[in-house]
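Which chain is which? They are A, B, C and D, in the order written, and residues in each are numbered from 1.
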Amino acid sequence: MSPLELDRNESWLSREELDAARERLPILYVDAVPVRVDDRGVLTAVGLLLRASDGEINRELVSGRVLYHERVRDALVRHLEKDLGPMALPQIPASPQPFTVAEYFPTPGVTPFHDPRQHAVSLAFVVPVAGDCQPQQDALDLAWLTPQEAMDPALLADMDNGHGVLLRQALGHLGHAV
Amino acid sequence: MSPLELDRNESWLSREELDAARERLPILYVDAVPVRVDDRGVLTAVGLLLRASDGEINRELVSGRVLYHERVRDALVRHLEKDLGPMALPQIPASPQPFTVAEYFPTPGVTPFHDPRQHAVSLAFVVPVAGDCQPQQDALDLAWLTPQEAMDPALLADMDNGHGVLLRQALGHLGHAV
Amino acid sequence: MSPLELDRNESWLSREELDAARERLPILYVDAVPVRVDDRGVLTAVGLLLRASDGEINRELVSGRVLYHERVRDALVRHLEKDLGPMALPQIPASPQPFTVAEYFPTPGVTPFHDPRQHAVSLAFVVPVAGDCQPQQDALDLAWLTPQEAMDPALLADMDNGHGVLLRQALGHLGHAV
Amino acid sequence: MSPLELDRNESWLSREELDAARERLPILYVDAVPVRVDDRGVLTAVGLLLRASDGEINRELVSGRVLYHERVRDALVRHLEKDLGPMALPQIPASPQPFTVAEYFPTPGVTPFHDPRQHAVSLAFVVPVAGDCQPQQDALDLAWLTPQEAMDPALLADMDNGHGVLLRQALGHLGHAV
């Protein structure tokens, strides 16, 4: 959820209306951890977006809002295609059960997750992608890290808004040592 | 989510503002299935609220909105206390992972869940309650059903808005035959 | 877990040794519910094996033992390939968390699951299969049922050993009404 | 799973028979992470056993074998009472779904989990305990750590057999930063 996301979001609301809602209601999000797996389901790589924001390069997970009358799985497809391109072939989970729910508060410290713009509640999923990924829009690049690289404490600490925490939780959910 | 819930909800929004948001954004809910368990965690009873609505008696799960800047677990406590009374002693799950996510659409048939008022996305939890339950407010009574009684297809089909489906999913999650 | 499974199992134990262990220890199994999903992860079909056993045709899930020094995910691949053929292309879950654990007792009625031969504890997974399925060995056929057909109470009640219960739990886990 | 556990296990098998089975079959275990939670389910402390083993003090989770014809939940109760005493009042999870499955291999490096004695497959649960804990038998003490203390990398790295990895995964499952 970069500061630029507002501009990326196709929305049924005007910018003013969304800003107003953001001060009044928790906003529903999805977070996706794109992964490569082998034919036995073993994690081989984790995909992180490189995004320019305020003159810095941030590593981020795929993240975005669920729209009115949109199913959670359709929001996952939409945000994955938006960030990874139309040929990524994401394998959307068949079950609606997320591996965790991340609560992003505008006030830092309430949870490990923070979003200065809003109170967002995000359903988090691990999503294997089988196809070719072409970063789109404001994503500069997509970096595929080995599980070992993804567990680097320096990298995880460097990810904004709690995405490092979410990535650790995803790796733990996949049985990795973190 | 009875038609009366709007009146029960303490909200940071005026009724008009909430009505407007409901036409524009998915609204975040929690659903709780209150259960009694023995000291080995075995399900012994399922709690269903009896509510009067439009001249009918409905059986319902505990359900309600998550407010701005409220944690999901605090919303669970608030709605359980509102419906079961202050002495229910709910054992709120330590993990934020719901057993399922129920997507209530204003249009029937998109999912098994339906809410004519809004697009609500609900995090569903099974919550053991250890104390005395005293139905509050517009709940007429709380009925404790054996797992066998709770699996009665006629009862499940009779629950509105998909709460029968959610109860079945909860029973399956607990290892019961349904 | 058909009565013929002993013959199908490549095992590090002699038949006599396995029989002895079965009277002394819980035996670790995996159960897999093969499914077809669309590109948004929506369930479109459930695969059931038709097996001849004692002159009857049974519908079964994919099921089998985990061997010594075998990973759970490798046992899943092995049993899926054994029953669905080498071109089934199963998408083995990246996470080791099963959607449920089925405890098959030799004594009926302890749990909904029953196995007259042994005390088996089975890790149950939903496994999307993307390729061509060719039933192998003693499986007569593989039937792809729509979710609606798979929820038929008569079909579910007819499945032996509690596989009908497990299929219901899988469908509930996938968000279906059952 | 300390080297002393064999002596602690009441078993239907003789020591020789169990040793033989351990060379031939995966052995089913349960692992429990004892926790204290507040009345909103928030983690306040993690319980670690201090055990003397080969002249060293090890910190361990509660862990032990599932016996023939024993339910998983009964094995959890038995091992928790054995290690924490009869007044611990563990709240055994109502659902059989573990938060992860830990595969302990006799060969190091196959998974993050290692057990030189056997191939053990363990269903892992977080278990809130509400009562008084009195370490029993060869457990010297039970230490209650704050979540912050439990996330100390030095402590986690020091736990044998992969219990540090399992504790990290449990903390991640509970929404903590790890």
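Keep in mind that, in the parts below, a contact is a pair of C-beta atoms (placed from the backbone, for glycine too) under 8 Å apart; a residue touches a chain by one contact, two chains touch by 3 or more.
Given the structure is predicted, the values throughout are model-derived calculations rather than measurements.
Comparing the chain pairs A-C and B-C, the larger number of C-beta pairs in contact belongs to A-C.
Chain B and chain C have centres, each the mean of its CA atoms, that are 33 Å apart.
A straight line joining the Cα centres of chain C and chain D is 28 Å long.
Residues of chain C in contact with two or more other chains: 71, 95-97, 99-101, 111, 173, 175.
Chain contacts here are complete: no pair of chains fails to touch.
The part of chain B that touches chain A in the complex is made up of residues 12-13, 17, 21, 23-28, 66-72, 95-103, 105-107, 110-111, 119, 121, 123.
Those residues of chain C lying in contact with chain B across their complex are 100-101, 111-112, 153, 165, 168-169, 172-173, 175-178.
By the touch rule above, chain C contacts chain A in their complex via residues 35, 37, 39-43, 71, 73-74, 77, 89, 91-97, 99, 126, 128, 173-175.
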